[in-house]
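Take a look at the structures below.
Next come two complexes built around chain A: one with chain B, the other with chain C.
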Partner chain A sequence: MALLKREEWQQYVRDVNWTYSYVDDEAVYPEWHSGTGKVPRSAWLTWEEDYKVTYPEYVATQRDKESSAYAVKAALQRSTTFDHLDEGWKSSTKMHFGGVALVEYAAVLGELKMARFGLNAAWRNMATFGQLDELRHAQITTFFGHEFVKKDPQYDWTQKTFHMDNWVPISLRNLFDGMMIAPNVVDLAIALPFTFETGFTNLQFVALSADALEAGDVNFANMISSIQTDEARHSQQGGPTMEILVEHDPVRAQWIIDKNFWGSARAFAALTGPAMDYYTPLEHRKQSYREFMEEWIIDQFVHTIEDYGLKKPWFWDEFMRGLDTWHHGLHMGLWFWRPTLWWRPKAAVSKDERDWLREKYPNWETVYGDKWDVIIDNINNNNVEATLPETLPWLCSMCNLPCCNAVQARNGRWRVPEWSLTYDGKTFQFCSNACRQIWWKDRDNVNHETLIDRFLAGQIQPMDVGGILTHMGLTPEVMGDDPDYEAWTKDYAGRPATGIAAVAAPAGQEGA
Partner chain B sequence: MTGTVELGVEDQAPQPVPLNAVFATDFVQILVPVTTADTMREVAAAVAHHAEGKRVRAQPYEKVVFHHGRRLPPEMTVAEAGIQPLEHVRVEYDVPEGAQ
Partner chain C sequence: MKNPVGPVLRMGDEVEQVIAAIEDDNPGMEIEVIDRGSYVRVQGEERIVLTRDTLREYLGHEFEIHTLGAMMSSFVGRVITTSDAIVWERISARREAPAGEGVPA
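Now for the complex of A and B:
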């Protein structure tokens, strides 16, 4: 018997709805999960994905992708490629494996929620493929990272990161719980496929794959490319949902986009920013983080939201100014609090690297150069001790990242300003005006306790740096350190240094 | 005859006051624990300990505490200044006019 052609049958199976007779519609699609809000139920009948796929096609394609990715991995496993990778690139991959593996799993739950509660059968069908995608991504990312555990225990954080109360995963859990776990499916489709995947990760994965090839990490490039092709398909759930929501409730659409764009931008500044502008060896840098954001994220994002008749977010000026500061401050924070990381952050502020930073960011030297000079002088005077933390950075009550965003005052001075508010008798501190505003509007939703909150509540014992590191799950063989201090301090060796910390007396000789 | 006497802030046992603090041009706000009995001079020193000479080059000037935009006298205590837990303070060098 000849098989029907796809176009002869697909229209009957991709969008199958039925009328319930034994249960109420509200029982099947409760508002708190389905989230139709001001959108009439009938409006969802027009939901249609651009790129259609059938289950047999899906399985065949995914099988090919899996075979290809694992074949390359098997071949490269026998080579010594990994041993010759730059330490900065390895750090980027450790951040990626730890920061992404279980976010992919959270995305499985998000896609499953859309597959169950989406108010159109075609959407539920797409989300079913989406959850299979995300399950594959969680598996492939975990498996590829796991291979390196025997070579470097920091890769153990591929699986470990999201189970730890380390400040980085707390921040990421806060972001992605707000994006995937807490919201109803309409908000979820705007937050995840529309804003985060279409706006950020699709393009970042393309760039990351290119960076991996440049660094000689074919295996990683292959894994990322394999994942990205799935993202391109399932992220299209955002567009049709957006079209319907924006027609009936543009204010809600704007708010969901705005707050998720902001949260995504903060996370990108913390992880992608340092990887692009510091960890990538100078000779391999194609563009700065700011240039990448402008070319790949911002232009595309602005065109997309304007196509839907929406405006740039209210925080746009603050966000654009932050492209020159956020990730530089966060890089310095990651480096200074390096024992709290599961990778080896390189400072990357040699003279050549600083020339590059000055060229890309004309204010870099004014805002950050003086601090790095003090750090460099301490290291060159055998006082690494003075470059290690003795307290916590203050973590923003919204994004959970350090409050380290310098702003230029009218008098020309750069300072990290206060953004606080008092609510219910308690003072909250934020890294930025927009984080404060988002927290205020979302204050009744779940907000994770920051590490500062946990510390002050006595959850971290003993209440010292050792207690904090133990609480965060860091063990001595994993704790981050700069992979090569000399690489970026030797240019400045021998210069006179004033105003630096006194070298601590060796143990037992205090007060001598 | 029994009765209670309201103690003044100067008679009460010092209470911990965790602060959000930033030192001069430093790049980040940090957690600095002080007590209600600490003077502003001691608060300034506690904040500076984490940044001065470590990320911010030390200068030979006195340090002053600002709270809610108000410059506080060096002998004033945290309790007297009314600084509450989790509030923000800024510590700056008191650079004489005309100095670099």
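Now for the complex of A and C:
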């Protein structure tokens, strides 16, 4: 018997928008969850996805994806591939597993909210597939990371990260709670499927897979690029929502894109940036972080939002300048505060690596070279202690990342400017102008307290580095350290060490 | 290209066949292929069509459009799926189209 084509029956089973007679519509679709705002309820009747899928199609395709991902894992499980991966690359994967596994679960909750409160049955149907997707991602990421715990305890942070009050997961919880947990479903569809999944996840799940494959991590490359095939589909909830919102409330659409674009850009500068430009071995880097950003975000995503009739975000110039600085400053910060990490950040500033950085980022040497030289000379003077942290950095009250963005002043000098504001009797610090502006517009939101706020409020005891590390859940066997100091300092051994304060001090004293 | 659209295909055995099918279904159109190892960008100007019939010529008679979903990590433009074809087109093309004129696959 010939089966009907999907087009001949799907609308009858999918478009189940009931007319309620026993309860008020507001009771079923309360505004604080459904978020129609200025959009007339009737407008949502036109919501229609272009990337259509039925349940039988969904199950068949997902079965193929899962079989394929687990087959590769099984084939490689008995090989020594993992043991031969570069420590820097492994750090990229530890950061990914810890940073992503439970964000995927948060995305399940976001999709479920759209599946319940979306104002069109087709949307709710698509979100139902979306939550199944995200459940798969939470499971596969957790399972693949867990595999390596027996080889390296840092992989335990695959499951642990989001339960810890470490500064990295605090930052990520702040971003994703604002993107997935707190918003009504209209804002959520613009923030998560449209901005994050159509734009930024491509960078971590597709672009990074190019480096993964080059680095020999076939299993990881296969897993992340498989995950993104789901994102490519369920992210299409964003388009129809965007078309309706742009027609009735373009200011709201632009604001939701702008603030989530900025938050995502900050987070990716901290995580994807160092992975691509420092942790991936030089010979395996497919493109620089900036080049991948240009390909996926500047060319592809911005083209998309302009096609929907919107503009580039208001902070565009600040964002573009940040492509040459943010992730370099954050990399240095991650490396310096390495005991606070669950991976082993490698500095990756040997002469060859610096040549590459200068080629990709012409200002790199001017802004960062002298700082690394101080660190290098301290290490070559057997004074690693001088390169370890004794205090905390200022963390941004918006993105929760260290305030370390170098900006070139009119006189040509590079400096890290102070962005602060006082509100309700308290002074808040920010890493950038746009973080300050977003915080101000959203000041009635409940933002997570930064680790510094917690420290100053006396929540972290004892108030020293040991107390801070314990508060963040770092134990000696997982605490981050550079995997190979010699690899990037030996090029400079024996040179006159003019740049270090520590050499002037008597042997045995620390300096930084 | 001014308005490139098209799929981003993840690594796999069937990438070359899908590219060949796209070229067959879009005669006369420049199809750009950017190979980054683990993913391949395939793009054409404004609108690309790929039919199930052509895909079946390359990948067997049981190949379905939805199967392509397992290979497509991303795409540029608006994607429209039916049982018989998949289309990637410029997002604003529909808004600019005269009223009543759909975008048939």
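Following the convention adopted for this analysis, the second predicted complex is superposed on the first by the 491 of 512 C-alpha atoms of A that agree within 3 Å, B and C clash if a C-alpha of one lies under 4 Å from a C-alpha of the other, contacts with A are read in each partner's own complex, and residues count from 1 in each chain.
Everything that follows uses one rule, which is that a residue touches a chain if its C-beta (ideal position, glycine included) is under 8 Å from a C-beta of that chain, and two chains touch if they have at least 3 such contacts.
Keep in mind that what you see is a predicted model, and the values were worked out from it rather than measured.
Engineer: Specify the outcome, clash or fit, for chain B and chain C once both structures are aligned onto chain A.
Structural biologist: Because the two structures are overlaid on the shared chain, the partners are seen to fit without clashing.
Engineer: Quick one: is A:Gln429 in contact with chain B, with chain C, with both, or with neither? Answer first, second, both or neither.
Structural biologist: first
Engineer: Can A:Ala212 be said to touch chain B (first), chain C (second), both, or neither?
Structural biologist: second
Engineer: Applying the document's definition of touch, where does A:Met332 land relative to chain B and chain C: first, second, both, or neither?
Structural biologist: After superposition on chain A, A:Met332 lies in contact with chain B alone.
Engineer: Thinking of the overlay built on chain A, is A:Lys371 touched by chain B (first), by chain C (second), by both, or by neither?
Structural biologist: first
Engineer: A:Lys150 in the overlay: touching chain B, chain C, both, or neither? Say first, second, both or neither.
Structural biologist: A:Lys150: touches no partner chain.
Engineer: Taking the C-alpha centre of chain A as the vertex, compute the angle to the C-alpha centres of chain B and chain C, in steps of 10 degrees.
Structural biologist: 150
Engineer: With both complexes superposed on chain A, which partner does A:Cys404 reach: first (chain B), second (chain C), both or neither?
Structural biologist: In the superposition, A:Cys404 contacts chain B only.
Engineer: Which of the two partners, first being chain B and second being chain C, lies in contact with A:Arg415: first, second, both, or neither?
Structural biologist: A:Arg415 sits against chain B, while chain C stays out of touch.
Engineer: Look at A:Gln300 in the shared chain and tell me whether it touches chain B only, chain C only, both, or neither; answer first, second, both or neither.
Structural biologist: second
Engineer: Once superposed, minimum distance in angstrom between C-alpha atoms of chain B and those of chain C?
Structural biologist: So the smallest C-alpha to C-alpha spacing between these two chains is 34 Å.
Engineer: Would you mind listing the overlap between the chain B footprint and the chain C footprint on chain A?
Structural biologist: No residue sits in both footprints.
Engineer: List the residues on chain B that touch chain A in their complex, please.
Structural biologist: 18, 20, 22, 25-32, 49-50, 52-59, 84-88, 90
Engineer: Enumerate the contact residues on chain C facing chain A in the complex.
Structural biologist: Its residues touching chain A are 3, 8, 10-11, 36-39, 64, 66-67, 69-76, 78-84, 90-92, 95.
Engineer: Can you list the chain A residues touching chain C in their complex?
Structural biologist: 5-7, 50-53, 57, 60-61, 64-65, 68, 202, 205-207, 209-210, 212-214, 221-222, 225-226, 228-229, 231-233, 236, 239, 286-287, 300, 303-304, 307-309
Engineer: Touching chain B in the complex: which residues of chain A?
Structural biologist: Against chain B, the touching part of chain A is residues 329, 332-333, 336, 367-368, 370-371, 373-375, 378, 386-387, 389-394, 402-404, 406, 413-416, 418, 420, 426-429, 452, 455-456, 498-502.
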